[in-house]
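Take a look at the structures listed below.
Common to both upcoming complexes is chain A, partnered first by chain B, then by chain C.
== the complex of A and B ==
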């Protein structure tokens, strides 16, 4: 056995037991008769027909739509910051990166709850406006914009860091050469900077999209259940409805969408190059 | 002209970044403010400041139980994850072997996977195996997501590791164990250290995996979530502040330690 395979073995065995096996269990369960709790039943497609006939597609569309909006907003918000981290901030970059990292380690619930306290009637924002200007605007809490705000907030680092990695892969020499050859600022960006930093940007987009599609807490905490994402449907099937096979079938569909996307994008990448092997 | 345009662009980027930092810390500040309110309900501007709820929360036996469950899970996850990921990272970045490129992609899959769905899949899996749910199953669930993350973190350190060091030690007659103890581990220590920080903090803050896999045991994020959806409880901001400050202290302390370590190494 090669030393590489030998050191890979523990992790691989663990992921087979903890990742592959549960997923196979879910796929198998999605073919069991509705409302059963064992693997012994006769396989059937009834759960999938139920989903097609139901209104679950609305939740699917909400999840995908929210994911797309989150990714687009984050790409626009993060690009200048990532650019600054690589090219402008110099020795301050480490500190700024650290500041952006810290919230990642605080439970997402707590941070979303902080937004509730900020946005709620008589909260930090509206309370301040009221005491300074004497007017009291409507709160955006429990509306769609609040959900989008929460998602942009929570997934911010997942876009920023891969993007920074991507931009740092553009050699300064290549930019200088393009400038010397008379390229305009915009041309350098479009012809040199953007294509060369694309791997990092794409990884960032993929990561945030996948996480956003699987998000559940934002819609619950900030959305006041105004919008039901697909993960919420899955959770209901597993808990209140006690219909595990239906929940499993919904999970399989979600996994299929996410999995296809991840495989398509990851196939094109050389991870060694991205992570810095010399 | 050109320099003025450049300067303008730089100040715009700086201003935008500062705005983003403020945006990132708004919720944290709100939580801290709420924890310092003496009244039963949070209202801004705060009429009565006080530490009453801090005292009540810290004296509660239930809260101590929560903290100890969360810390136990996080410690177990850290030890197991770093051990597995250390070897995982060597396979990821140090050795050239046949299945490496495939292996690297397999490692990424759990990270690129919706965690709430992973939590439910694990619930179903534990149920199939007939395992009773407790904090121990939660440790397993956390590991499925955290081992790949820590493997990546350590791999970044391994990429800059020069294999010639190990070979030199072998040539000088060191045994496999000696090489591991005297060369590989010390050189990779900064990576292992940041890996353990990541493991501990990600487990400490995790909610979607804990939600479905802890059974009767409750972690801090689960408790906070249950209280949040039930309405306003003054203990929530206090516990949230404790959780946040704990993470900041650990992270800054760890960062300072690593920097100090690098300095002493550079001066040697």
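== the complex of A and C ==
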């Protein structure tokens, strides 16, 4: 055994025990007979067949769709803010960054219940409108827009900070050079800033997408389970249904779908190449 | 003081020595851990028994380390024992049928000392006097658990929107009236929702169902989930009813309505229909918790001690009003315990109609084809979200 390998052994063993082993356990469990609790059954594909024959595709589509919508909205919302934090807000940037960071110290569920109190009929928003204007608009709570609002709110920092980092990596000299050579502000943005900040944007998008596809609390708390994302299906399989092999198979499929999508994006936009260009 | 320079070789030697020392210490700790079960108790329960109000006096009086984990459905707790956790837990607190019909036959729990525990039943409310069916094995010979919290559990209405009398008369047909679509919620309590959907479909849940009944259940599940304004937890249901988002919700009763009632919202009320499709034409369902001693090979001696501790009038009252939800307790049959309940507390647990509602309810039982019905219901819920 080479000294390098020997030195790396503790970390390798730690990774195998802490990262690979649970993953392998989940994958192996997905091939166990339905509603069993042991690793010792005869491997079968029945869980995957059940998923294909059932309506689980609806949940997959909701999760992927909500993930895509969240990423798109966040990219549009966060880019101007990130740009401002790097180039415009100056000394206020630290304070603004702090304000965006503070909510992360509060549990996600508590923040979402805060939104429930804000949006609910006779709550902070509608109650105030009712008492001030005498009108009572319909509440958006327990609808699809409320879920999207919750997801955009919760995953906002995960898009903003990588994006800010990406924009801050664009050298001022490069922008100045483009301006000196006669580029318009639009051209500087499109041909210099956007491509050079792409690693940050891409990392933000990937991070947000992976987190958003795994979201469950927003659909439960703000959506009143009007939408069942795939993570909720997995939760039901592991709890009320006590069908751990089915839950494991759903988890494996989710990992496979998300992993494939991420790989496709990474192939399309090669991060090394993007970073290497600089 | 001399210092030995660290070379690669003596680093490895020293590491090996340290590892051996830790391993030795670990082994010694394990030995101690076995002996220390005298002062250790692990409880798997519904919320309330895990609260500091209930556990702290026991901890301090016995100098014991008590760990209690709360879960909110019976099958998960029982499967934890099935998956080998009988070695961990000393007490399990689940609803009535599981001890007698599943856990004892599967060897997951063991009988109690009858001479020590049977007398406690004589101080309980009349319907729980020994031998109490759900606390006994099928043969009626062994005492296998203690009864404490209980309550009717069918559905909940906001009486400002639907009167108690109308809800009791209309019963499960509230969910068969197309005019009510969008006016109700469904509590996220999937096992109980299976029972309720059977009742809405017009048949008893606690039996094997015919193909026709399964088809009817499928149609009901799709329709009821499609018409639900929201599905959520107890806090969400109560909040949505108080705010006026919904007028009533499926699966609920004293257990779920009591936090809102205790918070000054008496219009939130658990309802037991006057009649329904249950055995004997009864209209609702009731649950009774049974706490049993786990068949742990190294059972803590504190397990039976704790079971006796929670029978005391003051502790029973604390259990009834522990954090989370508030519930009647069987020990209210003892005047010493009953006098500890204030008028507000009795109102919160609907004491005024408790006997009447329990009389109109069948006791929670096991649904033989639960897996099939649950899968149908889960699919219906998912498909309702498909647009």
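Simple rule for what comes next: the second predicted complex is superposed on the first by the 245 of 278 C-alpha atoms of A that agree within 3 Å, B and C clash if a C-alpha of one lies under 4 Å from a C-alpha of the other, contacts with A are read in each partner's own complex, and residues count from 1 in each chain.
The rule is simple: a residue touches a chain if its C-beta (ideal position, glycine included) is under 8 Å from a C-beta of that chain, and two chains touch if they have at least 3 such contacts.
Here the structure is a predicted model, which means the values were calculated and not measured.
Taking chain A as the reference chain, the count of touched residues is higher for B when chain B and chain C are set side by side. Once the two complexes are overlaid on the shared chain, A:122 sits against chain B and chain C alike.
Of the two partner chains, chain B is the only one that A:214 touches; chain C does not reach it.
In the superposition on chain A, A:48 makes contact with neither chain B nor chain C.
By the touch criterion defined above, A:227 reaches chain C but does not reach chain B. In the superposition on chain A, A:100 makes contact with chain B only, while chain C stays out of contact range. Shared-chain residue A:111: touches chain B; no touch with chain C.
Shared-chain residue A:189: touches no atom of chain B or chain C.
Within the superposed three-chain model, A:58 lies in touch with chain C and out of touch with chain B [touch as defined at top]. Using the contact criterion defined above for the overlaid structures, shared-chain residue A:14 touches chain B, although it does not reach chain C.
Chain A uses residues 37, 113, 116, 122-123, 220-221 to touch chain B in one structure and chain C in the other. Taken in their complex, chain C has these residues touching chain A: 73, 75-76, 79, 82-83, 185, 188, 190-191, 228-232, 235-236, 239-240, 243-245, 371, 374-375, 378-379, 381-383, 385-386.
For chain A in complex with chain B, the residues that touch the partner chain are 2-12, 14-15, 18-19, 21-23, 25-26, 29, 37, 39, 77, 80-81, 83-85, 88-89, 96, 98-118, 122-124, 126-128, 131, 153, 156, 185, 206-207, 210-211, 213-217, 220-221, 231, 234-235, 238, 244, 247-248, 251, 254-255, 258, 262, 266, 271-272, 275-278. Considering their complex, residues 5, 10, 12-14, 16-17, 20-21, 23-31, 33-34, 42-45, 84-85, 87-88, 90-101, 103-118, 120-125, 127-128, 140-141, 143-144, 147-148, 151-152, 155-156, 159-160, 201-202, 204-208, 212, 220-221, 224-225, 228-229, 236-237, 240, 243-244, 247-248, 250-252, 255 of chain B touch chain A.
Only residues 35, 37, 54-56, 58-59, 62, 113, 116, 120-123, 139, 141-142, 220-221, 224-228, 233, 236, 239-243 of chain A touch chain C when the two sit together in their complex.
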